[in-house]
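Chain IDs A, B and C follow the sequence of writing; residue 1 opens each chain.
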Amino acid sequence: MSFLIEDRYFSPDHAQSAIARRLYQRVKDLPLVCPHGHVDPRLLAASNYDWGTPVDLLIIPDHYVFRMLYSQGISLEELGIPRKDGGPVEKDHRKIWQIVCDHWYLFRGTPSSLWLRDELRDIFGIDAKINSANAQAIYNAIDEKLHSPEFQPRQLFERFQIEVLATTDAATATLQEHQRIRESGWKGRIVPTFRPDAVVNIAMGGFAENIQLLSQVSGVDVTNYRTYIAALEQRRHFFKEMGATATDHAAVTAYTARLSEREADAIFQRALCGEASAEDAQRFTGHILIEMARMSVEDGLVMQLHVGSSRDHNPVLLERFGRDMGADIPTASEFTHNLKPLLDLYGRERDLTIILFNLDETVYSRELAPLAGHYPALRLGPPWWFFDSWNGIQRYFENVVETAGIYNTAGFNDDTRAYPSIPARHDLWRRASADWLAGLAVRGIVDEDDAAEMVVDMAYRLAKQTYKLEA
Amino acid sequence: MSFLIEDRYFSPDHAQSAIARRLYQRVKDLPLVCPHGHVDPRLLAASNYDWGTPVDLLIIPDHYVFRMLYSQGISLEELGIPRKDGGPVEKDHRKIWQIVCDHWYLFRGTPSSLWLRDELRDIFGIDAKINSANAQAIYNAIDEKLHSPEFQPRQLFERFQIEVLATTDAATATLQEHQRIRESGWKGRIVPTFRPDAVVNIAMGGFAENIQLLSQVSGVDVTNYRTYIAALEQRRHFFKEMGATATDHAAVTAYTARLSEREADAIFQRALCGEASAEDAQRFTGHILIEMARMSVEDGLVMQLHVGSSRDHNPVLLERFGRDMGADIPTASEFTHNLKPLLDLYGRERDLTIILFNLDETVYSRELAPLAGHYPALRLGPPWWFFDSWNGIQRYFENVVETAGIYNTAGFNDDTRAYPSIPARHDLWRRASADWLAGLAVRGIVDEDDAAEMVVDMAYRLAKQTYKLEA
Amino acid sequence: MSFLIEDRYFSPDHAQSAIARRLYQRVKDLPLVCPHGHVDPRLLAASNYDWGTPVDLLIIPDHYVFRMLYSQGISLEELGIPRKDGGPVEKDHRKIWQIVCDHWYLFRGTPSSLWLRDELRDIFGIDAKINSANAQAIYNAIDEKLHSPEFQPRQLFERFQIEVLATTDAATATLQEHQRIRESGWKGRIVPTFRPDAVVNIAMGGFAENIQLLSQVSGVDVTNYRTYIAALEQRRHFFKEMGATATDHAAVTAYTARLSEREADAIFQRALCGEASAEDAQRFTGHILIEMARMSVEDGLVMQLHVGSSRDHNPVLLERFGRDMGADIPTASEFTHNLKPLLDLYGRERDLTIILFNLDETVYSRELAPLAGHYPALRLGPPWWFFDSWNGIQRYFENVVETAGIYNTAGFNDDTRAYPSIPARHDLWRRASADWLAGLAVRGIVDEDDAAEMVVDMAYRLAKQTYKLEA
């Protein structure tokens, strides 16, 4: 008998779990809609992709995993994370895997343990609980599968029943991999997403270089604010031609404010010279978010806004290993006042869609649900990052739905760079949705007919519709 | 069989729901105490009230309902909401009703759907689930009942078993309707509530006109801060004579601060000339809240404080349709520091009762429960506005009771202008209380004898006692 | 039949409670590790301790209890709380006890009622529900037991199976009681904890006097910042010799910032003259916290940080009765930015342990779990003060574990000055842990084998290991 139970995650109550099971049956085999994530398009552009070792696949790219080991005193060098200076790190991936398995108990009760458990069983056919003793056997089993033809990314794409997968791409990206996928004749739908952070956030290093790159790829000679805007519009146009239906914007806060063109240009010029202040950076980002909403009204691209992460909190790790090392820490967020300047201008637009993501759960019921339950342009993204977990999802439903309903949400997105974990993440969401709806049904808050429609909306339709992926 | 279940909302666990059912039996037929709400006293003053159409009754006055439709791209004009400029809006109420029913799925899982379901069944005898097909039939059924004698507001008052109903009235109100109700010989107890916001909040439009009105109705020539205070005291005295037991105060924050009479007068004079600043407004409100507490110590009126709504967030709607259009968005609140100046002076008064309401649930466990669990003058109002819902009520109980107990709460109030929804709102609270207490009992945290007393306290006694309605 | 049920607090679901019961069996009789609390060491130093009356034992020292009665209009004088000016307070402890019992219904649903219920039954053998009628009988029963030899603190220590108990002691304490315990030959392990607040917080009254005392006890003539640091180091060394494994620091916020030695000395000198500003106080505390982390790296003492209480909110009570009168009210906290200067320097230290406690539950999932799930030096303390309750513990587990795991927590500590309530507090935590783990097991999130290890970790091992009490 498997240690996994078929009804995993469902309420222990028989009446509720019976309904949850029926609801889940309706959605468990639906195609996966993946409108936001960080899968590398090279996986799907390659005709023969080399996954490397199990550690290359499952540990080194997954900051959820290595930050937990780091928190317990294991260095990133011991885990084989490459250093920026090329300094020595562990190269023996079997040894790294053993360390991970020796410490796998650290993940008890965390979503990482659930995703990997499902992934091993469903993708790799390994129905065993990770421990020190079986570490090498599991390594061998993964390694063998990884090099079989059925584990090529396109084969997995079809096996996973992915209907559409959006990547996330710099504004200056040439989207060559997307072009190669198109030209390959393969039918999988891979669309890019326009993410202009590096040419908007003037406080990040290398702004002038990024603008130079923007000039090159756009064909617009960017020398001032006006040409900068023209170049951004050109890139959006290009992304849209390449299949994009959405943009994505990260910001520490949801601050928005309209600048005059003169002010915007003055900040832009200071930024090019590396003389912009922290206040300049906040004001410029706040202004460009409004401009991006304006462009979205014009070109129809859905606008995503990810707010609230204080990135690279650990300066030594940043210097030694770079960004995305598990040291991004959330901060308190505010939307009611911060987003008002943008909403004053574009919140009433029926054809505009702005999807809000954040890392401060206190704003779910206080600000986000009331805003999304009022403004036609707003939708709420699914629980993000740390909160894409069983309890995180429960809190989201409990705090959002009574005020905003489910139809002001954007359904689910997996937001992952860990390609083979995609089915496990959707399955957790689908089970959580089914169980939560069963909880409503068993209390008579909705009837099972409604729940049966809602579960399909939550698992499939809302994401597709909100991201305009129906075409 | 009805699609409604008799045990609706209760836990699916048999042991818990059995207790919940027993507890609910104790309170389901108790009279309704309605110490705070927004029912128009004209309903009860009229000998023959005209409800208008089902849309006049259920849609146009209910911003909970039309804001959700608005959030999904339906304009307020399409829903028949009157424009301030008298511009064209939909007049065909059958057509509006059809739009509402076509989109009723939006309300799945929201309290609006639960209240209306109960209301249709229990008040109108319509035991059907709203959909596009039955929209006109339901319209007809409501319409017919609305024009029958048993649907006159006073008949409903008696049918609902309302023991006392408080209205909310401007400080400058003459309370003519209350006078007419008294003189009519009808025995229903309707009491006014003194709400001086329009003569306190100097940032609201029309302050000078409101002060002029205050002079007229009070008979005090209000020319400076001292006469202003005298006029307010006169009005409180008048309200109390007319049966009021409470005042009500809305503020964006809980900020309080004592001004000298000279400062208060200087701000008052600037406000009369329309020259007051935003800081003036905050300081003046903060000072008057303290003055109102002082007056409550003297005259015994219970003081309600509603904090945290950023009103009229959508400026175009405000301009076109006015206030209360579903565009009020909560903001973060702070009480520990903000309320200290008031509490330093009056928090220890045993005969003073200040009831706190707010829209930032994070302060429940962090600030409100510890404050109410310490200061004799403080009580916590029930979950307000967006949080008067199944999950909102659970969060309130879970976050408040362990620190403050139930006896530092003010029981329930329905806070509604939707008169026929009053029984449904009390029923939701009573069921939620019974189920939550059953959850304590089944875990052995309280025994069922205690729970049986507590459920009556929560459903009935605490509201009556806290609002001094026992007389 | 007792009104207490053996499975109290467990889920009513049979599958879950069956697992909870099995898990609880594994931990219910484990020794108690008490690494943080406020028991007076004189209890255990005395060869014949006089407990006084039941009111001396259970009411007068327990601000959880008397603040609730105060909130309902009972004065502290009526409850026998001694006034600073020696003014008249109730001396008849039977009368006080009657008042408490007459109002015991106020505690329904609060942890105080659960702790006392267990304490009466398990420690005093009184298996009755407190009410007005049995008040005097219960008083008599407690009183009789209190004066029996088996109720001497050391006998209780052994009966409670306390493995180690940490007291909390001023930096200037001579630890005479600890010395007497050592010299007595008694085997109970009592360790001091270094709490330097009174010589660090320059805004508290009496700073200069406290520094003078520091000079005396340390033997270092403290005249400037450098000698001040030397004296603190001397005291830490002394505490460590006396068995201490930890320090403890209270602060209103988690603010940290590095000062130059010149700045630190300038503030120190102003503080000695009573001329320090509020900003000085914040900066000095923020700097000393960093210094304390530096010292902990050097001497290995575990560093506890308790953040977020606005102490002595009610100035009249402070003046009349002193500190710790149930008028400490939480405030919002921020760690992501505030703690960064300290973490930049010492967060990566593997051998440093900093345990964070706070009173703003919103930071659990937003800041604390992500920080503890990253930095090797950080661990999260158990839910503190108001949140050491059934729902408080649930919220802690639900918000912390998915991100930080349980192995970045510090297990449990009872944090109490109410010595005989220690077993009840540990039992509540152990039951809550067992039930929560059973909830994970019944949903298939962890298996029962893992849960069986986790429950022991949570009830016993994590506290012992985190506080370095294994020696």
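Methods note: a residue touches a chain if its C-beta (ideal position, glycine included) is under 8 Å from a C-beta of that chain, and two chains touch if they have at least 3 such contacts.
Because the structure is predicted, anything quoted here is derived from the model rather than measured.
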Chain labels contacting chain B and also chain C: A
Fitted rotation between chain A and its twin chain C in degrees, CA, nearest 5: 120
Distance from the mean Cα position of chain B to that of chain A, given in whole angstrom: 40
Junction residues of chain B - those touching two or more other chains: 11, 13, 362
Chain C to chain A touching residues, read off their complex: 11, 13, 15-16, 334, 336-337, 340, 343-344, 347-348, 350, 362, 365-367, 369-376, 378, 398-399, 401-408, 440, 442-447, 450, 453-454
Touch list for chain B against partner chain A, complex: 3-5, 7-13, 67-68, 70-73, 105-111, 114, 129, 310, 313-316, 326-332, 359-362, 386-387, 389-392, 395
